[in-house]
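Step one of this worksheet: look at the structure below.
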């Protein structure tokens, strides 16, 4: 069934290993220890890791392969979320119809937007998607949430109310579920000082990620994927080779839009609320950051990038001054205060600054992202005396 | 009836007459060179063949089908391949991938949503591409990134990409421009060799006389937007009008 | 799935089997099934302070955080005790809550519902908090309130002024101390009538989102009840920075009052534009043109600078109030940080104390017990006079302050002056009032 | 009639801000071929130059006045700005009163330097990299700059006032018999924008330096071959672009109180303006700036919003999309700029 090359199979197995054991791997520190601050193995964050991983993997199919930089992909995520919540409101909390509708709607939306935006390329394309994203946000935030026609519930976010019809609900659970299996059910396994949380919702997301990742590998290795890479490299040649680049980019756009819709639907399935901020252009910017940070055009890069940024957003932002003080409390007072004073610009509420700096450093020094960094370190460790022969570099960039 | 028929083509840019009543008839299976001094209108004419420019009047027919105003990929799918002045290849991909893309375009048409199959398992395409690379003596470089090839090899690769599609007509736009003498000779040999094997019709636009006279079976001379002569190579050499155009012109 | 009947975040009884299967002798289970979500088992209890630390309301968030820290210090017996000394309920003893030392975690809502819910979830799932509090925007408060209801912990809302928080989006696990749009209208209208007369024509500029609409509706209804006419209501996009194209048409209308239903940066910008266009010096229908900003915040009034002078609005609390509770709070806050607290700081401080007190009185952290203790709870001494947490919708009912931008401020904090303390009876409304209808409180959820 | 004129004025005024930002942005596009997502942040930095100068001018000596009490009932601290102490009260107050216009003198060198440092330290290394990389690195820079400003000045807007003499409204329509009054400072802003735009154009048109830059915009390599150090001139132009954005920010502060988020707020719109105007066309940027400003003002009228609900929120993007689809190179774009 898995007709993958050996390397790809290995990659899939590694990703599967890490995703399935994430609840353990991400919780390296005992619950009561001071380092527990850095544990990321709780359901909500793990869900976000994989959901945004899916989002970024999809975005990478467009950006990484064809080089078209879209600043509007958050719109599809938002549309997917809205579609899913509407399914919860109208049918029941079962996530299956919600997931289907969110992918379909996002796909249709992407088809329309792609059809228009892809008539231009380069920076013009980016600005067009930016304009579309801002328009969608404005429409969702207020135009479509007026009292007479409330499709999005504006600032508050679309959510399920007790008096919603939910025609198919019957006696079913009143929380999101997959044929009765509730998303929020969590088994906590205590081993010594550690507590590991195995959450149903997380594993559903993880399975979706693995499927999405598998599909992405297939696309990367397919003739279709090859054509997309060719578009990035040289559109003129592509056209004179008898290939029509338009449908290729459009399909890539729609596929990545559907990935975003899937991510949006999952987000709503884990937490049945859809807010308009999800559609803002800065949210699109975030997925761009993820993809670049991890490594655009590589298979695992986007997942790494998504994990990295979500970790920052959720863990670094929680390190406040009193936490800092407790870390350095052994130092003399003056020194302690000085260190805390410096650090507090970078953690807690200053996490955006750290992220911005980190991102700049990656773009400047590691154009291939974290994956590139990893490859360089690997090569450096493996062959310290024989620095990068040309063939090696050539191989690396095509294999990934 | 030739394979490519150009009749009464006129093209003006503002007040400038770029092409004036150009008539050409390219015979199937020949190498036909179009020469002329700088600014004679060679590039404009070529652009009319490939849909980039639409002439003000006149027709360009390939196998009876008009080429005017249609998209590059349609022209290619109709059987016209093009080699550029500076090699246009997929620099970020391997040599083998480059040729395979051409083969896919030949097999699957302008678009095919073939996203589930694996490139590695398309054995027919791979074998065809490998065979093609062997034909142009590049089999040993198939795993290299094409961007890292020498200029001569890039040209060779571009040629391989075009030939792998079995075109009916091959347009070559100054195929040896900017090449060292050795590379130029290699390219001439390659072209001659290919022509020996495939007999594909070729239109070469060139101003290197050495290349033209080593290859062409027929030559059209363009000057100031008009065809001033069309004849066999040996006759062109002695043509007074041609000499005047070259000596009285830029050189 | 029903065979493995596990609690939502609880114990894995069958996990022992699993553990034993993997042959790990060190596997321990948690003590018997918890009675409710995140029941504190050690010597401490953790509260979650979820405030905007980045984004447009970061300064409010920072002030809220200061107040939270102060409240925790006071609950644990530190400092001068602040309003604990003036609070009418004497259940709190300065030894934490129910003998457990109070600890806290902080999170960043970014003033986005998504980020706020993510942050609250991590507090619940990772840090095991029993209560989440905070918020500086109604959208965020409603989103987090819904989450807490589902998860089964108490939510003590911070700065949220939309009618919906305790109206159509009310939840059994959520409680609001802050006032709302309806109360602003009810308190402002009589003062406006007194100052500007009953024959006025009002032009509304309204931020185009949920909070703006509910406030506009409330103010329009209340002023129309006093004889005013609402000439026009123009919705302004949230992202607007230059309000000139919305303010200019006011010049050519026959309106003589401009009501700005804006908050935060929007309010500062729209007010600045209105003043620039000379609206305040204008005479219409032989009356002085007036501007009203229904919801005031001192931090924002400071941003608008000179422009707020003489402009009426309402607020939940102000540091210049003379009662003992307010004085005690201003003193401990001022001594700790060097400037007086904002209304956001005040409301979250009260919420923390009220929660702690309810736990003490209920004798448990169980959300259902706490909710019961808060429902219908009457208290005094927290700076707003006699106050009641209404059982039916979990809204606090208390006096509302009508304030005015001060003409001659004596310091940079002295921007607003209290014009009138509107008594509670005047701002009260029925639970099924149309502006609040459509919601369902539901039942309390202990999460287990 | 009055209402329409007023909206045109509003549109022109808004448009002058758009035009000024877009002018600098397109200068950078045209000369350096760099897509600068941090350009909005330069506008914001300029505004905070004004804030900084104001803070600096109002740096105060603190004296304890035992006769007055602060909010805690302790003796109040009275602040007297040092400028008043040094220059005398009247002169000191006048300086503080005129701090915004004065800030231009302060902002020009500072912003020029910021621009030069940015170009030398960062942008220079990205000329040869893809546009996507340029967008990304400048996007990162924009985040860093705004976070630094937030760490220093907080998140709330900071009130800045125009000099007393330039506050209030001018009755412009009196001569024409129209009821048309308009804030003086906004008129000042418009005139200021015209002067800045005019001098940038004149500089490019009539100075040798400008001619070389324009030639470089058209064909960088050829100019380089002539032995002219085009790189140095481009660095200079980047500085100029930064300074233009900076002074635009300075003068905008009395219209809208600045906050750290201005950069991102103006970023999207300024790119839309540049693209609508035509990439690399200075005239196009100015034209598009004014055009979009006026359009936005009209879309905000009650008439427009009742006809098409929400039109005020989307009009600019809608126009941008339509223009890009019908006029591929924008209003006045040149062929071949930024086309991959």
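For clarity, chains are labelled A, B, C and D in written order, and residue numbers in each chain start from 1.
Everything below uses one rule, namely that a residue touches a chain if its C-beta (ideal position, glycine included) is under 8 Å from a C-beta of that chain, and two chains touch if they have at least 3 such contacts.
Bear in mind the structure is a predicted one, so any value in this text is a computation, not a measurement.
Of all chains displayed, A has the C-alpha centre closest to the centre of the whole protein C-alpha set.
Taking each chain's centre as the mean of its CA atoms, B is the chain most distant from chain D.
Centroid to centroid, with C-alpha atoms defining each point, chain B and chain D lie 52 Å apart. For the pair chain A and chain D, the distance between mean C-alpha positions equals 34 Å. Centroids of chain A and chain C (each the mean of its C-alpha atoms) stand 33 Å apart.
Looking at chain B, no residue sits in touch with two or more other chains. For chain A, the set of residues that touch two or more other chains comprises 138, 142, 352. Annotation for chain C: residues 54, 58, 208, 235, 237, 239 touch two or more other chains. Of all possible chain pairs, those that touch are A-B, A-C, A-D, C-D.
Residues 1-2, 6, 8-12, 15, 18-19, 24, 26-30, 53-54, 58, 62, 69, 105-108, 112-115, 117-119, 121-122, 125-126, 137-139, 142-143, 146-147, 150, 164, 168-169, 208-211, 213, 235, 237-239, 438-440, 442 of chain C touch chain A in their complex.
Chain C meets chain D in the complex at residues 54-59, 208, 232, 234-237, 239, 241-242, 244-246, 248-249, 251-252, 265, 268-269, 272-273, 276-278, 281, 299-300, 302-307, 319-320, 330-331, 334-335, 339-340, 410-411, 413-414. On the chain A side of its complex with chain B, the touching residues are 3-5, 218-219, 221-227, 229-230, 232-234, 236-245, 247-248, 251, 255, 390-391, 394-395, 397-398. Within the complex formed with chain C, the residues of chain A that make contact are 39, 42-45, 48, 138, 141-142, 145, 147, 153-157, 159, 161-163, 175, 180-182, 184-192, 197, 271, 273, 275, 277-278, 313-314, 317-318, 320, 322, 348-349, 351-352.
Against chain A, the residues of chain D that register as touching in their complex are 35, 122, 125, 129-133, 135-137, 139-144, 147-148, 151, 264, 268, 271-272, 275, 279, 309-310, 313-314, 316-318, 320-321, 324-325, 328, 338-340.
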